[in-house]
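In the two complexes that follow, subunit A is the common piece, with subunit B as its partner first and subunit C second.
Moving on, here comes the complex of A and B:
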C-alpha cells in the first residue's frame, strides 16, 4: 500500500485488488459453479458412500463367502450357499415370519395409541398442557433402553406387579414370550410414533376442522375425510420408525421373549457364537429386503411426496 | 440453484460404480492362509517389558474393579512385566481376538482350545519351564482339551460343573436325574431353563449315554450323525417346555428368584449368589454325570513377550494366586495347595477326583471324533451351532 493521502473532494479509482491465491481461487469458484458444488458435496457424499453404500455392498459380498468350519477362517470364494440356505431353510422362514408379525403388531398398536395422544396434544390441550405432555412423551427417551427392557422383565414376571394387579380379577401375566416382546417393543418405540404424528397434526389448521363441522361433518367424518389424509404422511413416518426398529431388535426379545428368537438373534449368534460372518450377512439381508419392500409400498401410496 | 445436467449425473453414477467395483475387487476372493505349527520354547531368556493377556472377566484383576482383588501388581513387581489385559464374553469372540496375534497369553475354555491349536494360533507350552505346573491336579493334565499328540498347550487354571438347579418348594426331594429337564420336563412346562449355547447339546448327549445306551455314545463331544440327531430331537422336545434360555448368569439368578424358572442347568457360583439372597434353590449332581469347563492358560504362537508369558503362566498356577483368582470367579482351583488359601474348596469339590471324573469338560466337537473312533465322521461345531438355532426355532 502506498501511504499517499488523497486530497478531499478528489475521487480516485478503486485500486485493483491484489492477486492473492485466495482471491484467485475465489474468483475461479465464482465463475465455475460446478466445481463449487463438487467441493461442497465431496465430504458428505464421501461419508454417505462409505457409511451406507460401501457397507451395504460389503454385506452383500460377505454373504457370498463361506467359513472354514474347523479353523473358523473366512474362505473368500464365491458361493451362493448362504443365500440359498437362508431363503429355503425352514428355520429362517419361521423366524422371518415371527419377526414380521411382531413388527406389524408393534406398529399397529403404536399407531392406535399414538393417534389419540397426538390429537389431544395438538388440538385439545392448552399450550401449557401441551408442553407438559411433550416432555412426558420425551421423558422415557432419557432412560436407557436396557433399563426399560429390564423394568418390563420384572413387571411381567410371575411375581411381578402385573400379576399382582390382575390376579384378583382372575387374570394372569402373559409371562415371558411373544406377547411380552410385543408389549415391551410397543412401549419402547411409542415416542418415535407420537412425535411425527403430533408434528403432522400441528400443521393441520383448526379452520379446516371448523369448516368441516360447519358443513355438517360429524367428528368421525371430519377425521376420516379431512384429518387423516393430511396427516397420513406423518403416520407413515411413524410406522417406518416402529416397523424398522422392531425388525432389527434382538435385545428385548432376549430379555422378555422367553425362548423365542428374532432375525436379530440369528445374526447375533452367527457373528458371536457361531463365528459365521457370511451366514450372518446373508440373514441380515432379509430385514433390508423387507424394509426396501415396505418403503416401495409406502412410496406407491404417495405418502413420501409430502415429507 | 445449480441443477446437474444429465451428463454430470451419469458421470457421477459412473464414478460411484467404478469406485465400488475397485473396492469389491480389492476385497474379493483371495487364497485362505493356513496356520503353521509353532515350536515350544526350550529355555527362558530376559523378561520383556510388557505382556498382553486375553482372559475371561475376573481372571486378571489388578485392583481397578475392587481394591482388595489384585493379583496383577505382585506379578508386575516380581517380574517387571507390565500387564495389559483385555476381557472377552464368549469363547468365539476370544478365538477371533486371538487370531489377530495381538495377545501373548490367553485363558481359554475347552470349547475354544482345539480350534486355536488347529489354526496354529497358540504354541505348545514346555511345562518344564513352569515350576508350579508340578502341583496341578493330575486329573487336569494332558486332557483332550489342552493337549494334542502328547504335547501340552497350556496350564490348567480352574474347573467347574454345569449342575442341576431346582426350586426346593417344587422339588422337596432333590432330583437324582436330568430327566426332570428332559423326559419329565412337561411337569414344569414353561419353567424349565437351559444354557443358551450350542455346547448344551452335549448335556443332552450325556443324558442319552445312560438312557439310550444302544446309541453307543462314549463321549458327548464325539457324536456321529445318528447320535447327534437323537440329542437334537431330545432338545427339540425339551424346547416346548423351556421358559427361557440363559447365557447371562444374572438373568438366571433373577428368574429363579422370581419363580419364572424352577429347574435347569446352572453353575455353582449362581447357587452361591442365590443362597446369599435366601432364594429357595439347591443344586445337585445328577447320576448321569454333567458337563463342565476346565480353563487353560495358553501362549500365542506370535507372542512378542514369550518370557513374560511363561512367567505369567507360572504366577497364575502358584497356589496363592490361583486360589485368589478361582475363588473370585467361583470355580475349583487347579491345585491342592491352592485350597490352603481358600476356605470354600469343599463347596466346589476341589480335588475330588471322583466328582471330577463325572464331569465331561467342554471340548470343541470336530470332524475327527475326539473319542478316537476312526470309522465315522463326527458332527463338527459349526453344525452344532446350526442345530442349536434349529432347536430354538
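Moving on, here comes the complex of A and C:
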C-alpha cells in the first residue's frame, strides 16, 4: 500500500497570494476599523446631511418669511403670519381635514386588502404561485403613476368600464370626487402595504400557526392572538407608506377628484400661480406635523421597538 | 374483546406531488405506551406524526383516536398535542402566557389558568421563569416550556417531533430520563419521533423503524437490537457487521444474509477453542480508543471488513499492532439471520 498524499501530476505547492496594491490596502483596512467606517459612511452621511436635512430645515425657515405684495420678492424677515394663517384659516382647516380623512380611508382600505393577499402569498401559496403573485403585486410599479391615474379616470368616467359593469345591477360609478380619489390612491399605494406585511408574515414560522391550532386555537383565534401581534410592526410600516404618500399627493385628486383640493394642491398653487413660497412652505408643514403625530402614536404602541 | 388502542392508523398514505412520503402504514399504539418512530430523514416518520396531529391530510387511509375516526378533523378538534422540533413557542408572549395559551383558548378563567400553568411550569422546574420571554431562555428550558404547554391541556396523546434534536449530548441524556419520568407520571401515550437510534432504544416501550415511507420493523428495543429483521434495521439500529449470502455460507456456515453486532465479536491472537465458537483470521487495520471500550477494525482474509467493540478491560491487550495478524471469533448464538426485504 502506498502512502503518498499528493495526487498524481501535482508537484508544485500552491503559491501564496501576490501582494498587489489592492491587497495591501485591504490589509490596512482590516486592521483600522475607524478608517473602514469612515469610508463606508462619508458619502451617505453627506447625502443625508446636506441634501435631506438642510432642504427640510430650509422649508421650515422659509415658512417664517413673507412675500412683498408689490414686488413679489421673498422678504427675509421673521414672521409667524403664514403659520397663523394656515392654522386659523377655515380653508386650510377644511382641506387639512379632507386630506387627513382621505389618507385614513386609503390606509384602512389598503390594510384590509393587503392582509388577506399577503397571508395567502406567505402562508398558503405554493412557492411557484408565491413568485407569480409577488411579480403581480410589483408589476403596477413598472407603469407610470400618471398613466395609472388616468386609467382610473377612464374606468370611473360616466361612460367607463365600471359604469358598464355595475349599471345592470342598478349601481353607478361614483364619478369624479372624493370617493374616486380614495379608490385611486388605494390602488396606487397597495403594493407598498402588501410588501411589508408579506415580509412580516414570511418571518412568522409556520410551526407557530400549527402550535396555536394544535393547542385548540381556531383560525380566528390564531390570527388575533399569534399572527396579528407578530406582524403588527409590519402593518405599521405599510400604513406609514400609504398614509404619508396619501397626505402629500395632489396629482390623483387633480385627475379624478373633481373640484376637490388636498393640501398638496394648495402648496402647488401657492408656489406657482400665487408665487407665495413662504405660505406654501407653511402649508407643507401640516403633513409633516401630522406624520410626526402619527409616528409618535405608533411609537406608544411599541411597534417600533424592534425596528 | 380487545382493548381500544390510543391510536390506530390504517392504510395511511400521504403523497406530496409524485413522491410517496407515507406508504400504506398500519399501526396500533396502546394507551399509556411510550412509542417511538425511528428512521432516517425522509423516511416518513414525521409525516405520520403530522398526519396524526392533523397538520396534513392523508391521501388515503384513516387515523383513529381511541376508536374514534378523526381523519377529516382539524388539529384544534383533536385531543392530541404536539411538542415541536423547534419548540414553536410564541415569541411575543411570556413563558406563563405560552403555557396558559391552550387553557385561554378553551375559555378557562384567568386565575384558574394561571394556577394550572404555574403548576405545569413547576413540574418542569421552570416556575421561577414564568415572567420571562422565550428568547431569554436556554434551549433546554425552552424545550421544557414546550412540554409544559403541551401537557397543561391534558391531552390523551402527546406527539413529540424530535424534541431533543437541538440539545447538546449531556442535556439530551438528562431530558431523556426526564421525559420518561413525565410520561410515567402523567400516564399518557407518548409518540416520539427521532432519528437517533440510541434515544429510541433507551426510552421506548416499542419502536417502529421507518424506511421509505413504510414500517420496516416494529418491536421492543430488545427485539430490534437483538433480532433485526432486515439489513436496513441491522444497519440503522446500532452498528452491525453484515454478511451477504455468499460470505454467510463460507464464514458462518449458514444460508442467507446474517449480521453480528460489534460487541459480540472478540479479537485474539490465537484461534479460540470452545464449543459453538467460530472464528476467522484477518489483519488489524485500526484500533481506536473510545473511552469505554476499544473499537478495532479488521480486514478478514475472506474479504469483508468487520468492526469489533471490546470493553475497556485491563485484561485486554491495549495496543495491537496495526497490520498484525488476529483472529475474530463469535458465539454461534450471536449470529442474527436477516430476512431479505420482500421475503
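Here, the second predicted complex is superposed on the first by the 264 of 307 C-alpha atoms of A that agree within 3 Å, B and C clash if a C-alpha of one lies under 4 Å from a C-alpha of the other, contacts with A are read in each partner's own complex, and residues count from 1 in each chain.
The working rule: a contact is a pair of C-beta atoms (placed from the backbone, for glycine too) under 8 Å apart; a residue touches a chain by one contact, two chains touch by 3 or more.
Remember, it's a predicted structure, so these values are computed and weren't measured experimentally.
Judged by the touch definition given at the top, the superposed model places A:73 against subunit B, while subunit C stays out of reach. When the shared chain is aligned, subunit C comes close enough to touch A:215, but subunit B does not. Looking at the shared chain after the overlay, A:42 reaches neither subunit B nor subunit C.
Looking at the superposition, the partner that touches the larger set of subunit A residues, subunit B or subunit C, turns out to be B. Judged by the touch definition given at the top, the superposed model places A:94 against subunit B, while subunit C stays out of reach. In the superposition on chain A, no subunit A position is in contact with subunit B in one complex as well as with subunit C in the other. Across the complex, subunit B is touched by residues 33-34, 36-37, 49, 53-54, 57-58, 61, 67-78, 91, 94-95, 153-154, 157-160, 175-176, 255, 257-261, 266, 269-270, 272-276 of subunit A.
Of all residues in subunit A, those touching subunit C in their complex are 205, 207-208, 210-218, 221, 225-226, 229-230.
Per the touch definition, subunit C reaches subunit A in the complex via residues 53-55, 74-76, 80-82, 84-86, 88-92, 101-102, 104-106, 149-150, 153.
Those residues of subunit B that touch subunit A in the complex are listed here as 2, 8, 16, 19-20, 23-24, 27-30, 32-35, 89-90, 92-93, 95-96, 99, 115, 118-119, 190, 197-198, 239, 242-245, 251, 254-255, 258-260, 366-367, 380-383, 385-386, 388-390, 392-393.
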